[in-house]
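Below: the structure, in structure tokens.
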């Protein structure tokens, strides 16, 4: 450990200890983190105005597993990769052992299974809410197939996002579609093995611009209640209307024992899918504050899947993902740094400035010495971005893969 | 009936008949409407920058009942008046018989009881979510008192809005407050007689600017579920974040049998409390489309309270309320004018332009001849605004009451 | 003219006359309208999640001109078609006489020229604001080429939209980019012939999600001022943040003599590119109110280009465009129907309810009989959508063109 | 200096030096800051639902000057106080020498003069945009009086905010009102002495809920251009629609040499007037990044007035203001900490992750040791909030002033 890191860590430890915190316990919690990165985060992506092509972007499952392996290699807390059925896996081919083997080689495990019921033209007017029953059946079939693939790949999370919605008043009946959605979800739910959980994602708009069938957490929550105890709500940080207090929603869902997971990213305008905590880092910190509290005082909430879902159109994929993991670690470490006793005292005294100051002191703490020491103790380079940049991997994939018409993601059209 | 109205009505009837609609049935439904106006809509109101004082604005319960009586007299479909405990009623005084008698004299009935647990300084940091149990108890006590007053005034609706929320991170714990809110609501719920319903209103912000304890329909819905079958959600049209599809929420709540009522108004920016349908009349029409469909195919949803909650700072109070009733009647009549068979045909054929055209043709129909004939058949002047303006009432109250420091509303400070 | 239309028209004429309006003058103004439809509105479009492919969608310039010709044939007020350089025209090929000839055959004229400086990967980090001067030069070169093509095609409008912006803080320097944008625009401006006008479009976000270099009307206005008198602002109705009062911006720009044109569409959430007036028809009417007033009392504002820019992913292209023209005509006719004398009287008397009632009476007027009569007098079918649907054209292109991988639009990837 | 501060400062100095920064120059810049606090920030405030009364809140000009003096005493960088004519000063009384003397006693100087043309009922439908010329004249008169008072109080900034706007379509004509606004501003502008500047504030809504006459920076900018070189734009951080990139607007205005000043605060929903940087501290830091760059490379932009405008309803006034000053100092110090050479290198290399990392490293730097040392060198306590809390002043004013019906602010009704 270099001297200046040693000094900085010692100073930080003193500060944290003065807040009554157990630094060893903090480090344990930080080492236990498992973040899931998405396979599609390693391939080309874009906006409706076009795909941004990058030399070296992944286009096969092998490449995606390899790239995810790099992120895990340099960060140590991203051992899981989410897969997208259709983009990554051939439903028929049964190449599952091969995928498991490849994952193992690259040091990662398979995380959530993401069925795809939005890509085919048939789903243009809806999948599980399509008024045509054969389309709904096809969507259900695909999701049940995905459950089977998940079983084969040792995944215990089925993560569901639907592009279902309408563009214009009169296009369809909200309630009819609600019934179809619930029926379909129940059918898929019943196909899951007992160790599998279903995550239901909500989103207010896009690609539907008049309504989305699962528009907010309340709707996802109601559908989850209608399925059973292993159906939970997935909170994508970018899927809210302007002003929504996400940390409040997170706390509410935990209290109702239905918070199943996150899609981490950040947004300034719509569902921008920017790197997490790059628009408002305080927000991520306040979300982690709720998560830390829930960990401190557990209730019956299920395990939470910490997943990344971003669209790095202009940033290089792997460096951006390493940056992402770092941003999450910072928010987590800051949330662990709150002086909870001082906070409680200020709250009891109705001292609003004092209570907020406790929160702000934690947020303003430079926790990087702690994170760096954690990495050293995990046998990692304390600066993963620099280490990756110096590893030569980016130059290698740029040279080997070149600029291609990517498959396996939004960029594939 | 003047000739031009006769002609216009005949033409409109033909149009409606050509859509397969039963005009007599439409008229019956329009006559059966009962809208509730708020007592505080007749007294001075304002913004945080100051109260706008109007000559003739009501400041006593007698004046408010009299003014509501004028709206009912000229529109015929506004027979109910919501009362605000503290602004209108002395909890101790037991003047209830007098209020009932006055209401009767002015041709109105008492609608929802609105407790006030936000005005006193004691509630600055919350009422039912205050960390101080004595404050919570006081709030519960006031609501139970309001139930008692409601019983005495033959009101069967307890309408609850809470200003509870926080301004800054760290000020309080979301989940702790959630528990207190649920416990308090259950206690009040249990005090209600079997014929009374509880409406729980949600609001995303203001007066709290960091979080509101009942921030959206999902939270109100969860609290209602936690109380019992007679707890329902109140939808205030201005209490949504930008972009929220309110008609979708309305349909969802009806389907869950928890839509208890509305606060009608309109907004362009925040909770502007403007006259309903003056910012986006299509939205109100689409909400009424859901209500008409629900009436056509009833499920177990409770009766819906159609209440107005607006803040006419610069418009004269009574004319603005008559305009409001007219706006609601237009939306209702247009929603009744939809050619449902043609709509279903277009939907089945995936003809989006065709389906929306059916909706738009109804929206673009000039339904005023129908509304005017309905009024004539109810023994009213077909143009209530003009009739009121010519009645001399406004001049009378202006002269008699003058410009005062109003009590009984937001204007009282 | 069928009897019921005759009756309805007579009744409407009486109503309009009673408002002091000259119906013949109204009809003249409605007949003089020239709306411009976009070539890319006839080809496949989509969202970032995929392109929606439609059988019969246009993919060549010939097909686009033919389809635009259909819209003009049935509506009579859409004689112009906007072209997109790169999607429609080969910069080198000099096939301009051919395009002019084809347009003539299909009864349309060439409207605005839209250069494309966003499609190539080279522009991923900006075109006229790219820190690399060779990229900026290339973009300027393309725009000057477009000016030349415009001259050859008798177009007098150069319509500029830039995808330029950034995704993350630190990516670039706002002010440096501002200087580059201004310099580039001036260079293009100077290349225009004296009869050509430059329209500068603003947009708050997408595809850049941190900042857009021309983010709002104030920036477009400043850049236009920096170019000269023939540089004006283009208002795309979907390019505003939530709550923006667009009619106010329109009035302000007219007053500053810088309103150059519109991109008509509507939005509920982001830049949804929905059919105009399908989310909030009152808003379009209020915008037309400003346009009608400006026409009544002209100042030095330039001629206004009325252009459509929508993305009909799920609606059939040509029916949706005919619906669009109808929506615009309705807004225009309603704005012409305002009783301006009564409005002025109410305003002078501070009678807010009265003034708004005048506005609402015009908005609630069913102006379709007037529009239908205008069409009949122009030799058109009064119901253009039905007439088109019965013409067999849609079946013909569906059969002939089939479902293809479209070129020439957002759908081309 | 305590040892742990010495250690922390040494470590931080090393870090900053490794970024090529001159720590002494940074400290000089931080010491030279002059922030202006508002007199109304020391008295009671509230929302439209009621005023929150605090024991000890100021209600006289003497008390406000005393309280502002406390903030200056403990922070050393808040030597100015903005005054509100009507709330603070009697236009007729000519007690200016007394005010100057009191200010001097309390160690503060008079900052901006804020006329009040919104409080009187006469302005309900507008002040400088009122259709009644006598109302406009009265408003102009009051502003010219305020210029005179400003001269007497040695203020060189006239800060103008107008509540002018409308609530409903039809209420008034935008362009007519625009002309009246411009004429009025010019008349006031001409009354200013050569050393005085006019700041024009914009706001999208509230108290007008349909339109505001000066709705955005583009309108304020246009009005300023119409007045002359000493008319500039005032940016209130809470006066933007959701998503607006404020740092971009700031940079644009600086580049146009029209950025005159700020009203610092923060918002999550509407114009919430929360403590600055408590909703999104990254945003304030990015704004300061533009200010620091402008200071590094000055153009012809005028001096910038750094003013606070917040509404601490539930926080104690003086502690909240000290917290505010601290928040501003943190943003400033972090912006000064950016490694500009590294940033430029990454930008030139199109290394987006690298460039943003430079920004984030500055933001994540704990600059408090630097700020504390600056305070020590200024002869202040390094922790001003604790020092104030221990000073006994709050207890003293609570006891002496008690809870009163405040005058001199929004709380006065």
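When the chains are written out, they are named A, B, C and D in that same order, and each has its own residue count from 1.
Rule of thumb we're sticking to: contacts are C-beta pairs under 8 Å (C-beta built on N, C-alpha and C of every residue); 3 or more make two chains touch, one makes a residue touch a chain.
Every value quoted in this text rests on a predicted model; they were computed, and no experiment measured them.
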> Minimal path length between chain A and chain C through chains that touch?
Replying inline: 1
>> Going by the touch criterion at the top, tell me which pair is linked by more C-beta contacts: C-D or B-C.
In response: C-D
> How many angstrom between the C-alpha centroids of chain C and chain B?
Replying inline: 39
> So which stretches of chain B touch two or more other chains?
Replying inline: 125, 167-169, 171, 204-205, 210, 242-243, 245, 268-269, 275, 278-279, 282, 314-315, 352, 356-357
>> Chains as vertices, touching pairs as edges: which of line, ring, star, complete or other describes this one?
In response: complete
> Taking the complex as given, what residues does chain B use to touch chain D?
Replying inline: 45-53, 118-119, 121, 124-125, 163, 167-169, 171, 204-207, 209-210, 242, 267-270, 272-275, 278-279, 311, 313-315, 410, 413
> Tell me, which parts of chain B touch chain A in their complex?
Replying inline: 125, 131, 167-175, 178-179, 204-205, 210-211, 215-219, 221-222, 240-245, 247-248, 251-252, 254-256, 282, 286, 289-290, 293, 343, 346-348, 350, 352, 355-359
>> Residue numbers of chain B touching chain C in their complex, please.
In response: 4, 7-8, 11, 14, 242-243, 245, 268-269, 275, 278-283, 314-316, 319-320, 323, 327, 330, 352-354, 356-357, 360, 363-366, 368, 385
